[in-house]
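Each remark here refers to the structure printed beneath this line.
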Amino acid sequence: MTIKVAINGYGTIGKRVADAVACQPDMEIVGVSKTSMNADAYVAKARGYPLYIADLAKRPDFETAGVPIAGTVVDMIAKADIVVDATPGGVGLKNKPMYEEHGVRAIYQGGEKHATTGFSFNSSVNYDEAKGRQFVRVVSCNTTGLVRVINEVDRAIGVEKVRAVMVRRGGDPGDIKRGPIDAIVLDPVTLPSHHGPDVQSVLPHINITTGAMIVPTTFMHMHTVQMSLKRPATREQVIELFRGHSRIGLINRAAGIKSSAELKEHMQDIGRPRSDMWENGVFEESISVVDGTELWLFQAIHQEADVVVENVDAIRAMASDVPAAESIRMTEQALGFVAVK
Amino acid sequence: MTIKVAINGYGTIGKRVADAVACQPDMEIVGVSKTSMNADAYVAKARGYPLYIADLAKRPDFETAGVPIAGTVVDMIAKADIVVDATPGGVGLKNKPMYEEHGVRAIYQGGEKHATTGFSFNSSVNYDEAKGRQFVRVVSCNTTGLVRVINEVDRAIGVEKVRAVMVRRGGDPGDIKRGPIDAIVLDPVTLPSHHGPDVQSVLPHINITTGAMIVPTTFMHMHTVQMSLKRPATREQVIELFRGHSRIGLINRAAGIKSSAELKEHMQDIGRPRSDMWENGVFEESISVVDGTELWLFQAIHQEADVVVENVDAIRAMASDVPAAESIRMTEQALGFVAVK
Amino acid sequence: MTIKVAINGYGTIGKRVADAVACQPDMEIVGVSKTSMNADAYVAKARGYPLYIADLAKRPDFETAGVPIAGTVVDMIAKADIVVDATPGGVGLKNKPMYEEHGVRAIYQGGEKHATTGFSFNSSVNYDEAKGRQFVRVVSCNTTGLVRVINEVDRAIGVEKVRAVMVRRGGDPGDIKRGPIDAIVLDPVTLPSHHGPDVQSVLPHINITTGAMIVPTTFMHMHTVQMSLKRPATREQVIELFRGHSRIGLINRAAGIKSSAELKEHMQDIGRPRSDMWENGVFEESISVVDGTELWLFQAIHQEADVVVENVDAIRAMASDVPAAESIRMTEQALGFVAVK
Amino acid sequence: MTIKVAINGYGTIGKRVADAVACQPDMEIVGVSKTSMNADAYVAKARGYPLYIADLAKRPDFETAGVPIAGTVVDMIAKADIVVDATPGGVGLKNKPMYEEHGVRAIYQGGEKHATTGFSFNSSVNYDEAKGRQFVRVVSCNTTGLVRVINEVDRAIGVEKVRAVMVRRGGDPGDIKRGPIDAIVLDPVTLPSHHGPDVQSVLPHINITTGAMIVPTTFMHMHTVQMSLKRPATREQVIELFRGHSRIGLINRAAGIKSSAELKEHMQDIGRPRSDMWENGVFEESISVVDGTELWLFQAIHQEADVVVENVDAIRAMASDVPAAESIRMTEQALGFVAVK
């Protein structure tokens, strides 16, 4: 029996999670929702996803465009075992009473606060703790990317302190309203940024200070991560460690990739759907140990993609008996995950 | 018996043509060539394309990275019925004696001058004239895009004069060296630009004046095309006309797409390889007839993609007996061409 | 006796008009207004402009930052002979009753509709008609730039039809919210755009069709202008014509400038305040006559600056007896207008 | 008697140093040099700087454009007490024999290696050591900006370790060739970057690790600087410290500036020539002390400007008896340095 999944919010994240869920052997999409007609509705139709809308008054907009509407969001919820709420930040909180009323499980995204669910998820850290919960939050793309490398180094070597600077893309590739056009924006202008505490929502014992800015690019955030280690380590040890983690992709020197743009191009070339990079893109050449115990690295985090696989695992963690390692393996196999070079 | 195709220059255009050729029922890739090791070599290997290099001194760079080298470019040429020369502009001319020496047919791209081949190709216009030629030039992305719409309107209605303004992307998505960052660059600063005469290399009887500029974007050129018609027409007639041409994609109002970025996003979403748009992206809402005989429209031209299908047809035009309409159909069927909404 | 001018809205346009007015021998600034505290308030204070605010509840924000507040916007209006309304588009209409109540003249910007004033102004076209009016609208930067060249050619040679494509900057240099980041946006996606009718608000007899798009740059719009002439002309004639108009700047070949960015750099280098280019930047090399009667040219229009001098002239046209030619001369002399090379 | 200064290379840095030198009471410009005709030549002429060229064969290009040529670069050198070499990186080294032959002092920019001069200069650190030297190197814009804040904190509080991440602009505002357009480029992809050792060329005892990337902006680099302090300090102490340094500009909260673009806009508004910010732009709100001894801050460094004032001081340090504090005061007074809010 498959897990019936509804996607509330068929946008940047929602459409990706829908496709990732649809190819899992133990899951099926019972519906996706949209608020207004646009090109994404044609995509949902082509994929065979039943389309639901919040406001039936908009039904004619869809139907005159040749896209049938299956019902309202409430109708969709009623058919689901679990909802992936991929609505814009803040909307998810407003949806909570609806999920409670229907007794349906829901997964929130990083745009919602930790307090909305009381539990923040990463498949490598706390998969087992999601079991039995009605509400789980998959942390944001940046937090997911930080958690993966920090947890891995912390478990194997021990992390005394993390300092990270996140250079974030201004808008998603299809977003034509957001800027900046020619500016580096401090966001926030205060230090430290909120990213450190968000990492602590998953890894409470980690001492971490972060800063963040926004630049005029559309694809991938770039992190400079520095970790003061509890004991000396070599870069080779760290590389070996990362090589063993399926969601940390090591970009090797021979590939000649040293930018977000070239990395996206490579994702396109290897046939990834929507050029998606589900793994952290860690630049192998950048991994460096300074003064014996100070690890430095650059990593690229695909803002639209790294949380997609975490959502799939969160579904299993909440609504099945599949153990963590097996879920991660299943998720990746279904997606045809092939290691980045 | 399949047509044996070599791709000389496995870059932006070459890698796309290679994949498009590889899926045609009557063609096969006998090799692709590169000058230095980078991520594209891994892609060629993964695709199973034998990889040749110009300079064997660079063989160790590839082989230590795990990419076997099949031989030199000359070795590759010797195995081919036809070469698609996708080397950077100007290099193709230098390769001509090599092709002549080996008596192999070659297809050049728009970066080479018309004089290099004496014949400039577009599948909708002069497919039959390519037959028997050793050298054929597929015109540039911009010229291909202009030729498609002008020829269609000219044949059905008659075109007195064309005026077009091309707003071009500054660099390809994976190109991190080229600018501008924050400028509109007149390129050339003189008017008219060379694009008009290039259209005339395929459609010599068309009176056309063009201007061109470059802006800080990476995906798709945007054309404003104005055609003074020989007789009155309505926008509905023009829409009907374009709907009948498989390489003119009409973007309808309900899709809500009004930019190059949203169009790229849609190409990703419908699963096009590398987000490629092989057709002209004509914005249906923009099509307008002013003063009875003055047609205006906006179209987006994917600089990396629209010539790919023309190269495949040029191969058949030169090296088979397949007629034009059948070649166009075969090319598109093999690629799984599905109409843009 | 000087004309007392108030600037309602001390932003991108307002701060420029304030400085231009302040240096005129026959005008003085009685006040400028802002809605909330930011760096511009420090600038107003340093310039010695009394600062007024709409909402006195915000007074502490300014005063704790060391910026004194002179009163409310209504207080400011009461001291003025004429108000330059440089508030955001649409707000000006709401301010009209306030100006009517105080019987004060007001100049609106191009963000307001023609209907708000019933009269749209350009100093080269209809200066004399502004006399005695309570409300005048200075047309937008793009319309001002089009009107200058069209009117000049029309008066000397005769214009049958104008076709113009405007490539517009996405946001002003200091605006960090607006995009796009990597897109060419059709704005509007329909053709023709509203710019043609706006030109007709000043030059009603001109037949003009326009299209417009937005690109990720911050400085200057770039126009491709084509004019079908009523009788043959040479490019030399047109160049001579433009050379005689003080607000059409000809950028000569030796300067090597072929982009908006280089033009801005040159404005900085010659010491223009805020790098402002008050003139049309017509690229001399681009001026071309095709087929005897078809004039083509590229011009750069500084979105923040070209209307500034028109506002100053509009003040004189409405509130003095100075004739047009003398006003234009005075405006430019006070600003230290030096011809662009 | 004034110090006679020649500017070899009248480009981005050279033209700024020329203007800064020209307004000093104890200096004069004896000439500036260019390699080919463009708009900058008109600027030099308008400023009254004698113009020299490397290759007299190009004299007609200038003279037909109305710009007289005073002679060759060697002629210029012969008239100078000191040369500011602002040629592109690497060219300066080739010029060294020429300076040696003429026994003229020369100041190099940060594009040259430390080894070219054996002495790297910052006015706050080692002004007195420049005396008597023939060759001095003013360190790069980024290094200058880092040195100012590190040295100030180190002298007053003590710095154990510095970790800095530099997000650099891709090209200068007038540079239309350089990218990237839509990418974050790791430059270099290895960690640490060369910026740390370059800081040590001025402050050899500082332990510093740095990383650097390039983004698609044109104005100002943005630094995230973390300093582990030798003893506890408060943010108020640090703010007080910076307030006392005339080349560290504190951007206060009330100005509402949180990006490079808004900072540039403010420099324009306060009338700085070429929008230049000669000081470090330290965001007061960002200054933070974490865990008692870990100082964090954001600072913006104007790549075209912060070294300009250092060049002026280096001239005095090498060719006069004026002491450091007096030179700094003279430089700033002549430029009309007014504190940033």
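Order as written gives the chain letters A, B, C and D; numbering starts at 1 within each chain.
Quick note on the criterion: a contact is a pair of C-beta atoms (placed from the backbone, for glycine too) under 8 Å apart; a residue touches a chain by one contact, two chains touch by 3 or more.
Note that the structure is a prediction, hence the values are computed from the model and not measured.
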Next item on the list: Could you find the chain whose CA centre sits the greatest distance from that of subunit B?
Entry: D
Next item on the list: Could you let me know which interface, A-B or A-D, is made of more C-beta pairs in contact?
Entry: A-D
Next item on the list: Determine the centre-to-centre distance between subunit A and subunit B, using the mean Cα coordinates as centres, and give it in whole Å.
Entry: 35
Checklist line | Distance between chain centroids, defined by C-alpha means - subunit A, subunit C (Å) | finding: 46
Next item on the list: Compute the distance, rounded to whole Å, between the mean C-alpha positions of subunit A and subunit D.
Entry: 42
Check: Out of subunit D, which residues touch more than one other chain, so two or more?
Finding: 173, 175-176, 180-183, 185, 216-218, 259, 261-262
Margin query: For a test of understanding, state which residues of subunit B touch subunit C in their complex under the given definition.
Written below: 163, 165, 167, 169, 180, 182-192, 207, 209, 211, 213, 215-220, 222, 224, 226, 258-262, 283, 285-288, 290-291, 294, 296-298, 300
Next item on the list: Spell out the part of subunit A that touches subunit B in their complex, as residue ranges.
Entry: 15, 37-40, 42-43, 46, 61, 64-65, 173-176, 181-182, 218, 252, 254-257, 259, 261-262, 264-266, 268-271, 273-275, 341
Item checked: Partner subunit D, residues of subunit B touching it in the complex -> 169-171, 173, 175-183, 185, 216-218
